[in-house]
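One chain, chain A, links the two complexes that follow: it is found with chain B in the first and with chain C in the second.
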Partner chain A sequence: MMTLHRSLRDERVWSFALVAPALLTVGLLFIYPLGFSAVSAFSAEEEGGWTFANFIKAFDLYSNDILFTVVIVSLSTVLIGVFAIAIGGYLTLGENLYAVAILKWLYRWPLFIPFIVAAQLMRTFLAKNGLMNNLIVGSGLLEPLQTQSFLDWRGIVITFVWKQTPFVALLVAGAMASLDRSMIESARNLGAGRLRILIEIILPQVRPTIVVALILSFVVMMSVLSVPIMINAQTPTMLTVDMAFRINAYGDYGVANALGFISYLMTGVVAWIYLRHGVRQGGSP
Partner chain B sequence: MSNVWRGVVVPWIPRAILLGLFAFAIFGPLANLLLWSVAEVWYFPHKLPLEWGFDFWRQVFKPRGNAMLSLNNSIIIAIFTVIVSLAIAIPAGYALARRNLPWRSLILIAFLLPQAFPSVAVYINVARIFYGFGLAGTYVGVVLVHTVQGLVFAVWIATAAFSAVDRELEEAARNLGASGLRTFMTITLPLALPGIMASAIFVFLISLDEFTGTFFVGVPDVVTMPLLLFNASMEGNYQIASITSLLLLVPSVGFMLFIERFLKADVLAKVGN
Partner chain C sequence: MAGESLTVDGVKVSYGDVQVLAGVSIDVAPGEFIALLGSSGCGKTTLLRAISGFVPVDAGRVLVADRDVTNAPPDKRGMAMVFQSYALWPHMTAAQNIGYGLRLRKVARGELNRRVEETMSLLGLDGLGDRLVTQLSGGQRQRVALGRALAVEPRTLLLDEPLSNLDARIRQTVRHEIKALQQQLQITAIHVTHDREEAMVMADRIVILDRGEIAQIGTPEDVYNRPRSSFVAAFMGADNVIPLTAKRDNGGLHVSASDDHADAVLSIADGDEGANLIGSGDGELTAHFRSEAARLIDINERPEGSLVLFGTVTQTSYPGGIYRYTIDVGDRHFLVDDLKKLGVGDAVGICLPAKSLHLYSANPTTSS
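What follows is the complex of A and B.
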């Protein structure tokens, strides 16, 4: 009975007190440094005051790498989307229960494997004497001396796709499994092929899940340092490597933060496209 | 006979080829890692290692060696990250699940922010700020960075776990005269414990696997397993890098195989709500 006398305001103060430590942690250890990096990108380190000098220098030195990053991450995102939809589609529409069970067991393995381990795996697998080349040589398709190392931009894309597809496929398959089966069954009874059912009936309904999962993957790939450093040490390389290099070699926070700001902008553009798209979709029935 | 051939075997041919290729794509890299971990001499163009053995395993598990030191570092940091995360996520999760909080969804979104921005530039500045407080290159600094990374999972899963607890049980305890704190400790927390455990395991793994934040904040004194892996790989010591990778792989794959047992469907359905 005592609790009834406690006023609503007291209740709210208590509730906030319970959430405060967690919010403070995110505020001090993430939002504050994020703001700090944005401010530093536009500041002249030595003279003080505001400037675009960091951005001019960043574009001078790294415009190739900016383009390279956009291409690699976009290509990986598209491939991840295609594979994830294929896996989710087969898990939902596959008619052979054994094949579905095998696929379900197979596809999740890389899900929680850390990026740095994935990078090391691919560093050995895709090398000149890696298992992939050995298999190709073994099957007689290539001579040993014709083999080439895939440890360049292709290696980065392969590693990203290998590591991130299970995550997107898991979410997409979950969304597909929770759809109403009756529409799929009636389309099937009318003689629609599985590919057509997937593209025309299932995909439009799970599109929000696919887009959110792909955006999260996009951000993750923009943040990974280990994969580009370990797979592709030559230039051009990805922005994360350039940022680490600016700090470790020159202590140049201005340009590193300008590159950081550019990478925020890239994810910002992707999120903006999604939001605009979402609003337009919401307007139609 | 020919019917069986046409009805069973023929449809399996494309399926088997596709599944086989897929299995190779998934397990090929893992097999290559296993080979490297027991290879003592291996160079191009030899398809298989020239000499096999466990010499590098002995080197890794040598007491007081670099590898054991970094394994210890990783485990200590992960344990403290779990303790700090749970200490702030349990009260927050309870408040978000049970109390009337204004801007509740905004607060939930706030914990997602560290996942919504490319983080390398943020870590660079965290390291710079920590340097001013003497936290750069310390265990405390690394634990704090790992805590932020894991917080969204800790808070969201804790919130879902508390939401899944039946309110009537709490009300029954209150009606029998139990205080709020006692109800929480004897009814709510024990019932939410499986979900909390799942979030603890998740945070432990995130901390164990974290590379980028440690790379900037931990240097030069705190070397964890992922940093050891990185250094070994960049020096061309693929054996040590592969063995370290294997040690990191085991808990990750184990978690993937058993997550459904820890995270019950009723809790999973409430994550993010």
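What follows is the complex of A and C.
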């Protein structure tokens, strides 16, 4: 009895020892900073005690940027969804084997490029005298004077979509490829065209994967600093830029943390959708 | 809806360098039920997919009612297919699955609902229309898959091993149901299966495929009683083989005695009365027989018109009702059932009446 007791206790000690590094990492690197920044967002810096002052200031100065961030990230998410479904759909239903092979090889490239490099690429591509306009002028479609720079909100959206579409397409195409092929053939057999098969047969079945991939993309885009800073050097801009500015220019951690908390609420909403989705799928998000 | 004739004319299909169909030709009459039978990899599913338009053919033609559909897309051939996995759409209800083809044909809502209900009651699926297909049993799913194909009133129904996922008891019932339905609707049906009994029970004619070629086409009685080759005989259950040496004359086939068997004079006839002989009958032959046609007799007995093999009982078992014996004849083993009780080591004769034998000349080119 004693031995059994001891071995159970030993086992408990060992299991705690095994999960301890993971717990410490989560605690020190995630829970503590998150809690600290939440507390700091609600603290009055000089007089001490709890306050909404940081939030009031954040909304006063940056409500346009909050809206801008929501619109940019939401628009990008929608476009990423559309392109990823188009790529996945073509990879699954495309009949030209060469085109499918080329697309399969090509579409993943942006996955391996960091955001900051992607932003730099887009700066040279989208500028008024950048590669895109040079190509358009060279092909005679526009006069040099008619060209315009895309280095504004459109540039951010283009960069986000270009960078994140492969990630979503990778997951979505994988889910589509794992569907029973005969489900597609049975629809073809009854006379359904490819677009109809994509929308009515394939999409409803891979919807959970699409939702999850888009939510992950949404959260990633919310946290990117390099792209808005490098592409959109004007206002309104994204919240990450404002946070960096509050800290670097004023050492104002209170407002920066309030902005961080607002970002957290936005991602919290999509995380809630993600979890709700997971529960509906039988607890396996 | 009445069935249409179907002609497969010299169809060849390859996957890369591997030729799967080496020039297959079949003529199917309107309303006929054809079973494509063969072992795995013989090309039967590929042939069905070539007929349905899912596999492009390298050579040859597919004609539906004399109309060339070789290059037509799958939905322009008047055919509907039932898939082995059923391929039902899990996000749709049973009724939505069945009505999908009608919706594509822009059938008005009222008419669509009426036809879906009609199809469901035809298949005994009343009251299950609102259920997701994932909530249905295997047998019910199979019916929904059949209903989805039948709802569009195809002239030809293609069935790709649709019963292989059902348990044995349900399979027996569904076989008869499909056959009855096909006769009632008078549609042409092509059914792929590797189950011999299923093909025999359901089909008007059976096409036996072997390595991408047709080994034999015929009615169930034909392929069972008069297999044209050693392969077909073995495939149709006559898989016990013994070599013989014989000479043929007007009196019949004179089989010479050997260590394994006695001499015998066997009648050769078409149909049930004599042995099924393919080839000249002179020289070396391969004899095929089914275990159930064999009878155990005293080793010294010589019944007229029968071949007697000399055997020794090496194993006995009692599966119920009869005894099952493993009998060694030379270095071959045969399983024979008999009512008599015998012991291991007993010498027995295996009596094979002429009509139970399928004989193939070792050199079939000398066929008379």
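Going forward, the second predicted complex is superposed on the first by the 263 of 285 C-alpha atoms of A that agree within 3 Å, B and C clash if a C-alpha of one lies under 4 Å from a C-alpha of the other, contacts with A are read in each partner's own complex, and residues count from 1 in each chain.
Following the convention adopted for this analysis, contacts are C-beta pairs under 8 Å (C-beta built on N, C-alpha and C of every residue); 3 or more make two chains touch, one makes a residue touch a chain.
Please read all numbers here as calculations on a predicted model, not as lab measurements.
**Q** Is this a clash or a fit when chain B and chain C both end up on chain A?
**A** Because the two structures are overlaid on the shared chain, the partners are seen to fit without clashing.
**Q** Using the superposition on chain A described above, determine whether A:37 touches chain B (first), chain C (second), both, or neither.
**A** A:37 contacts chain B only, not chain C.
**Q** Which partner, once the models are overlaid, touches more of chain A's residues, chain C or chain B?
**A** Of the two chains, more chain A residues are contacted by B.
**Q** Quick check on the superposed pair: does A:240 touch chain B, chain C, both, or neither? Answer first, second, both or neither.
**A** Once the two structures are laid over each other on A, A:240 reaches chain B alone.
**Q** So in the superposed three-chain picture, is A:189 touching just chain B, just chain C, both, or none of them (first/second/both/neither)?
**A** In the superposed model, A:189 contacts chain C only, not chain B.
**Q** Would you check which partner chain A:22 touches, where first means chain B only, second means chain C only, and both and neither mean what they say?
**A** After superposing on A, A:22 lies in contact with chain B but is clear of chain C.
**Q** Using the superposition on chain A described above, determine whether A:204 touches chain B (first), chain C (second), both, or neither.
**A** Touch partner of A:204: chain C, not chain B.
**Q** From the overlay on chain A, compute the angle at chain A's CA centre subtended by chain B and chain C, rounding to the nearest 10 degrees.
**A** Taking the centre of chain A as apex, the angle works out to 90 degrees.
**Q** In the overlay, answer first, second, both or neither for which of chain B and chain C A:96 touches.
**A** It touches chain B, and chain C stays clear.
**Q** Which of the two partners, first being chain B and second being chain C, lies in contact with A:144: first, second, both, or neither?
**A** Once the two structures are laid over each other on A, A:144 reaches chain B alone.
**Q** After superposing the two complexes on chain A, what is the shortest C-alpha distance between chain B and chain C, in Å?
**A** 12
**Q** Quick one: in the complex, what on chain A touches chain C?
**A** The touching residues are 180, 182-183, 185-192, 196, 201, 204-205.
**Q** Touching residues of chain A toward chain B in the complex: what are they?
**A** 3, 11-12, 14-16, 18-19, 21-23, 25-26, 29-34, 36-37, 40, 96, 99, 102-103, 106-125, 128-132, 134-135, 137-138, 144-145, 162, 216, 219-220, 222-226, 229-230, 239-240, 243-244, 247, 253, 256-257, 259-261, 263-264, 266-267, 271
**Q** Spell out the part of chain B that touches chain A in their complex, as residue ranges.
**A** So the residues of chain B touching chain A come out as 11, 15, 19, 22-33, 35-36, 42-47, 87-89, 91-92, 94-96, 99-102, 107, 110-111, 113-126, 128-129, 144-145, 147-148, 151, 155, 174, 180, 205, 209, 211-212, 215-216, 226, 229-230, 233-234, 238, 241-242, 245, 248-249, 252-253, 255-256.
**Q** For chain C, which residues count as touching chain A in their complex?
**A** 52, 54, 73-75, 79-81, 83-85, 87-91, 100-101, 104-105, 148, 152
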